[in-house]
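Data block below; observations after.
Chain naming follows the written order as A, B, C, D, E and F, and within any one chain the residues start at number 1.
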Amino acid sequence: MNEKNLVLSVSPHIRSEESVKKVMWFTVLSLAFPAASAVYFFGLYPLLVMLVSAFTAVVAECILLKLRGRDVSQCLDGSAVVTGILLALTLPPRFPLWEAALGAAFAIVFAKQFFGGIGQNIFNPALVGRAFLMAAFPVDATTWSPTRFMSPDTFTGATPLANFKFEKVLTPYKDLFFGNVAGSMGETSALLIILGGLVLILKGYVDFRLPLSYIASVFCFGGIMWLINPSKYPDPLFHILAGGLMLGAFYMITDMVTSPITRKGRVIYGILGGFLVVLIRLFAGYPEGVMFSILIVNSIRPWIDRLTKPRVLGEV
Amino acid sequence: MNTIIISLLLTLALGLLSGLFLMISFKKFYVQEDPRVEMLLEALPGANCGACGYSGCVGYAEALAGGKETNAAKCGPGGQEVADKVAHIIGLDTVSIVKRVAKVMCNGTKENAVRRSDYDGVKSCRVADFTLKGDRGCVYGCLGFGDCVNVCQFGAMFMGDDGLPHIINEKCTACGKCVEACPHDLIELVPLDRKVFVFCKNLDRGPVAKSYCKVACIGCGLCVKQAPEGAMKLEKNLVIIVDAEKVDEVADKVVGVCPTKAIALDEKFAEVKTV
Amino acid sequence: MAQNSRKPGYELVKGFFKENPVLVQLLGICSVLAVSNTVVNSISMGVSVLFVLFFSSLVIGLIKDLIPNEVRIPAYIVVIATFVTVADLFLKAKFPDISKALGAYIPLIVVNCIILARQEAFTKKNKLLPSILDAIGMGTGYIITILLMGIIREILGFGSIFGVKIFGSWFKPILVMILPPGAFLTLAMLIGFMNFITRKSEEKKL
Amino acid sequence: MAKSTFKGGVHPPYCKYTTGKGIEKLPVPATLYVPLSQHTGKPAKPLVKRGDEVKKGQKIADADGYISACIHAPTSGKVRTIIDHPHPVLLMSDFAIVIEPDGKDEWFEEPLERVNWQESSPEEIVNAVKEAGVVGLGGAAFPTHVKISPPKDKSIDTVIINGAECEPFLTADDRILQERAKDVLWGAFLIKRAVGASRVFIAVEDNKPLAIGKVSDVIKEFPSFELKVVKTKYPEGAEKQLIKALTDREVPRGGLPMDVNCLVQNVQTAVAIYEAVRFGKPLIERVLTLSGDGARGAGNYLVRIGTRFLDVVEMTGDMSDDVIKVINGGPMMGISQYTLEVPVIKGTSGILLFTQKTARRFEEYTCIRCSKCVDVCPMGLLPLMLVDYIKAGRFTEAKEKYGLSDCMECGCCAFVCPSKINHVQWVKFGKQELRRSS
Amino acid sequence: MKNEFRMVIVLTLIITIAGCLLAYTYVSTQDDIQRNLENSMRTALLSVVEGVESYENIALDEKTSVLKAKDSNGNVIGYGVMITGGGFQGDIKLMVGFDKDASAVLGIEVLENVETPGLGNRIIEDWFKKQFEGAIPPIEVLKGQKPQNRSQIEAITGATISSKSVANIVNNAHKALETYLGSGGGGESAGRGEEEILEYFEKRWPEKRLIKKGTYYVINDKSGQSISYGIFSEGVEGGDTVKIFMTVSKNFSKIEDIVIMNGSEVSVDKEKLDELQKRLIGESLPLSSSNVEVVTGATIIEDGVVSAVNKGFEALKKELK
Amino acid sequence: MRPLIIFVAAAITNNFILTYFLGLCPFLGVSARVSSAIGMGFAATFVMTMTAIITNLVDHLILRPLHLEFLQMIVFIFVIAVLVQFVEMVIKKTSPSLYKALGIFLPLITTNCIVLGLALLGAMRNYNLIENTFFGFGAGVGFTIALLLISGIREELEVRDVPKALKGAPITLIIAGLMAFAFMGFSGIISLQ
């Protein structure tokens, strides 16, 4: 018999192969799809923004962990990198680097570490960072640039949604789908985002209910409005292809930490989010509502969780 | 001038009307209350800020008077002063006269106590004890995960390199949090001037206890014989000090006779701490 | 702590920092958030609050024995409201610009919890002089806080102080600081910082 | 045909390496340690004292109270002493009768077939089961005679024989079905008689084709018996889940299967009942699976109660040196041991020897609310919330709001958790705290 | 019992004293406050119309008022329109200056706004406001492009809605001014708008029809026979402008009916005006001051009314000849 | 339609707490627990609706005809104080259980700036009686919504690892700040006069 003590632990004695690090770094990997579209359409600068943003996020996380006397190595678990890259992907393609860094730091500090760090945040950090930048530097955050395949002379500086909202101009579906439109660096190509999202769904890191209910909800509510007045409101297909909806649906609203824990809750969450998107897009001052809609449902989430507690087996 | 006169009339009317209105309602709707609530309300700042977590001062006062709340120091704006008053009104203040400190009644350091297994799980004494009985051979001794250290609000405890928690007497307020936290009831609040302690809670038979801990009480009873009649007793293989004062008088004798050093002087134990 | 409370000097100074009405007692937060976007606004609001607090404490300190307990709150609040209206009219007449900037918030000094809270917590139970000192102290504490907020928010949000640009053209104002979220976050940080310091000093004491 | 199943559950790697290994009978070891507490309920009262000679099958400890079971000598020999000895479930030492076998292995009473055993009355069956000291052999070790004599106000219409051995590695039940299918069915027949049920389901997971084949061969002889193939999923073999899957009835919260007119018995228990009723044979041995990557002699063995794990390991061909974990039971719900000194008891369904490779250690990370645990929980609980509340020390709330007491500690949540949170440990702790406070 | 009475008394006393104190403060600060208001309006007007010496404020509705800017001689040199309209976050209050033809914008001044600071709030920046100088309404807002003509302005980056809101409000101001001017052929009236007066006439004689013929009106009966004539007219006396609408019998001998529209600077009670109106009905034309009985308190405008009536009479005669 | 718009605006888009900073003092304390948040929300909604009605009447029937607008503040606050005191007494006497549930929040509301703010804003915006009623009700609902959302979040945070110095008021303010970001999305939906 060996002299070493036997390991004493509580069941189960076998565990799945998943780990937080794996989940996070795989998500980072899957972000290569939208990141690729960013590089393809807007050149290498977006890559720089992503790097700076991710780096700042990690550094900020590291400093805060140190200050709070927590395990500093946590900053490399990948979650800060996800936040940093996601934030970068929601920014305009020519966004100033230092502002992106500030946004990333804000996201990590205020939305994540102040709430207790990974897994404890109430709001999606990347979106908080984005909202912060939107409010802090409104001009930079809404200055769009043309893709490499658009002629700069005819570019009006508006995203498809803004074009529709203010000029009633519809952008062709093909451009929307493949991404040859103005917009945030990672949000333009619906195709690549769907690919990245599908990878996550297949890997089991994302519950398909979230993106599905969110997109379907936008489609339905958008469709209802369109049926009511087709000349005033865009058709539902435009709704789901334009703007940050795809990025939001596959990468933002699906954030594990801030989404409801039950399946039913997730469906409700998605529907509510979709409703808010249509509401804000069509009636509020901003042309895009994805970010706001998700932040708002984030704050409603505790109630969704509370009200959708699953039935315990055998409960009457 | 006109304006002033109109104002005067209006406010006069308003004041009279509402005054009368209130007076009548007072008479009609008067409800007798616990006088202490009034007193508490008097003592509380009345800011109704809600810092106490109750709905305003009334809520807090009622909770205090009703005995639902026992913390007199919840009022942020009031500070110490109000807390004292409040405590006085509801009779909560218990001032301890003799300084007491917490003391860990186990000397199962890493060297003294044998580990029976390699624990893998939640790093908490309580959890480890309730689920796996800990990883030490002795299921009565210190588990060494430091639950007591974690609950100490005063920074009076720390985990020593020897695997046992230590108490800084100067900082200890004898609040008793650590006593509650220890799943093996190893921590006791003792007067600072006590000398002799049994640093063991093991109930196993001598040979068994000895097999996993060098300093376990093996229930030999030698010390009991040294102590005055009735000052110590043996119960379930363990020595218990019944009358501390009497035992302290013969401290050296009692301690000297112990084969395992389970009984020890506090000073001696203190030396270990400083390491 | 307890023996200090009788010294008049303590009553004056305690409000500055140790018992700061906003940061420690969490009173009067609404106005601090709403009006602290520039230094000028902060000062105006601060002074108005000090004014109202001072006179309310004075008057209530004088008449408190006459007021039956049951109608205490309506009576106090009327006194406070009177001084607020006076302040409002005065500002409107003499400083129309400031009056415009503070907008609807001057009237809301009436329900600024600081004022009523000090009457209830202090003036009601103390003699006139300490009450007045307390009022001045608390008012000053309020000014300190709102000024701090104003300075932080104006510097970051406008890149200026007292309306004068202090940075070169390289500075890009962080607009959010002068928006509602900026106000919330700045105050949160100040209170958090205050908590942090208090905790540290308490630990030291032990 | 869609195979019936329940909501939630996980698919751990099944590792049923020993499914093809026949049941081997192990010899009697040099010393036997028979613990007095081998079942749910009060420990048995010893009937022998130091120095007594005992015969195989002789009752050496009697049931103490209704929910308790008697214990028989596994072989003939001398009682050396009654002393504390490490216990495989309690995780500390507890009283055990130490028997030194004389090597003769003589019966106290040779098991003989009783006439007309098939026509035994319910009382006779219950009595025989009680005298034989039969307990639930699936792992829970609940005294069987209690289970098969439901109170008057409960009627049972369905008997379920649980052959859905869903724990990875374990194949003992599988082997029993393969080798002794008919005995199992006779046992089920007796249970059905005892409780007056109208039908019997034999539930087998679809990853045990050999067992299924065997059972379907012999089941024809038993009218009102039905073979139910269920989906392979953990914890398919848990009582409430199995009932839900087979009958779509839900055992009410805090209730028992008999509340929905069901009775679930493990296949080995059925065999034990059969042997007890037909031959009057007491429960002195059981089949268990020795497996795990550290076991050199992995297989299914018929082992005397009281044989130390150490002896089992040595008699089957030792184990590799780097074994760091020994488990009594399956990997999902089994209990890890701090020593190999612990003896096999009635509830020991398997001994698993894990090396570093399988028994990996993980640091608990912060919960990232991925809610995989919610998705897999077969009871419909919110494990992550449970842990949150238990961690915060709010046990009553954990019970009232999140159903702490409903958790059956199947370990699905901890299995899938990417943060490697020890849900089961927290829950066990929480339940203990609840018990303390009440 | 005693306590309860004391309660009432104290409460009443406190609020009464408070009320008096406030009333006193109010009265003593009122002048300053009024002056501040005037000043701010004047300053605003000055910043959009140059060379204003005096102005006349005509409130059109709750949100719009027209300020007639005059030089030292009392000639109208332009108009300021103070108007409130919806912006992105809330209301925007503008002072819009127009030249005296009301065709081009002279300048705008943002009086109140709650737009997002640093974004929509940039409508207060000079470069943005300057774009409106000389602009010809209706103004169009361009995004990301330079204006091509005098009816276009460039939007603030990132604040298109706020920019558009301002342009909209300016356009509305222009419309309001045009309507106002168009109605009054000089736009002196404020007490009653043209439409209101016409309505008044229609109500008074439901059987008659008013038909506009250039500057005067022909009043027909049901059968289409013209029975009398109506005209707007104004008179000036002592710096006050008075505007009237009167109908004159076909033979030009008598005033059939008259409505006096009170100018904003002329403050006369409505009852007094009505009294004056009643007296004038049926008077023969042309009027002389002597044959109008003095109405107490309305002397200020009486002469103005008389001159207006006579002017209108002359004008009507001229038109019909 | 207009009253409805006023209602929605007051309840959501121009939420009193998140955009006007009104009613924050009790908000910090009461938002710690969902149960007290609900009580406070209901009590506040009730008082605010009542206030809106009564102050509107006082304003339009007494103050304005007499040109005593400058007395608005003291008259409003006085009326509110008396009203709340009266309601409190009535509830206390007639229904102790309701008093337990709602009444204890009432004194907290008198001194809450949200009530006076409501009265003065309503007067400033020239709302008529119906509009003002909806305005008051909407503001109350908005207050309740914010309170409920934040209390839901705060109850979750209780079991989370929020830095010690930020526990309580600071983290609540941070939540409010982040929610203010989120509610920015609604700006422009309804522009109010």
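Here are some notes:
In this text, contacts are C-beta pairs under 8 Å (C-beta built on N, C-alpha and C of every residue); 3 or more make two chains touch, one makes a residue touch a chain.
What you see is a predicted model; the values in this text were computed from it and never measured.
Comparing the centres of all chains, each the average of its CA atoms, the largest separation from subunit A belongs to E.
When chain centres are set by their Cα atoms, the one at the greatest distance from subunit B is E. Inter-chain contacts peak for the pair A-D. Measuring from the averaged C-alpha position of subunit C to that of subunit D gives a distance of 70 Å.
Centres computed as Cα averages put subunit B at a distance of 39 Å from subunit C. Taking each chain's centre as the average of its CA atoms, subunit B and subunit D sit 43 Å apart.
For the pair subunit A and subunit F, the distance between C-alpha centroids works out to 34 Å.
Multi-chain contact residues of subunit A, defined as those touching 2 or more other chains: 4-10, 110, 117, 120, 132, 135, 138, 285. The set of subunit E residues that touch two or more partner chains comprises 7, 11, 14-15, 18-19, 22-23, 26, 88-89, 116, 118-119, 161.
Of all residues in subunit C, those that touch two or more other chains are 26-27, 70-71, 74, 78, 81-82, 85, 89, 113, 116, 175, 179, 181-182, 185. Listed in rising order, the residues of subunit F touching subunit B in the complex are 25-26, 28-30, 32-33, 36, 39-40, 62, 66-68, 71, 74-75, 78-79, 82, 85-86, 89-90, 92-93, 104-105, 107-108, 111, 169. Across the interface of their complex, subunit A is touched by residues 148-150, 152-153, 155-157, 160-163, 166, 171, 174-175, 177-179, 181-189 of subunit F. Within the complex formed with subunit D, the residues of subunit A that make contact are 1-2, 4-16, 18-20, 22-23, 77, 79, 117-120, 204-205, 207, 256-263, 309-316. Within the complex, the subunit B residues that touch subunit A are 115-121, 131-132, 135. Here subunit D touches subunit F in the complex through residues 366, 388-389, 391-392, 394, going by the rule given at the top.
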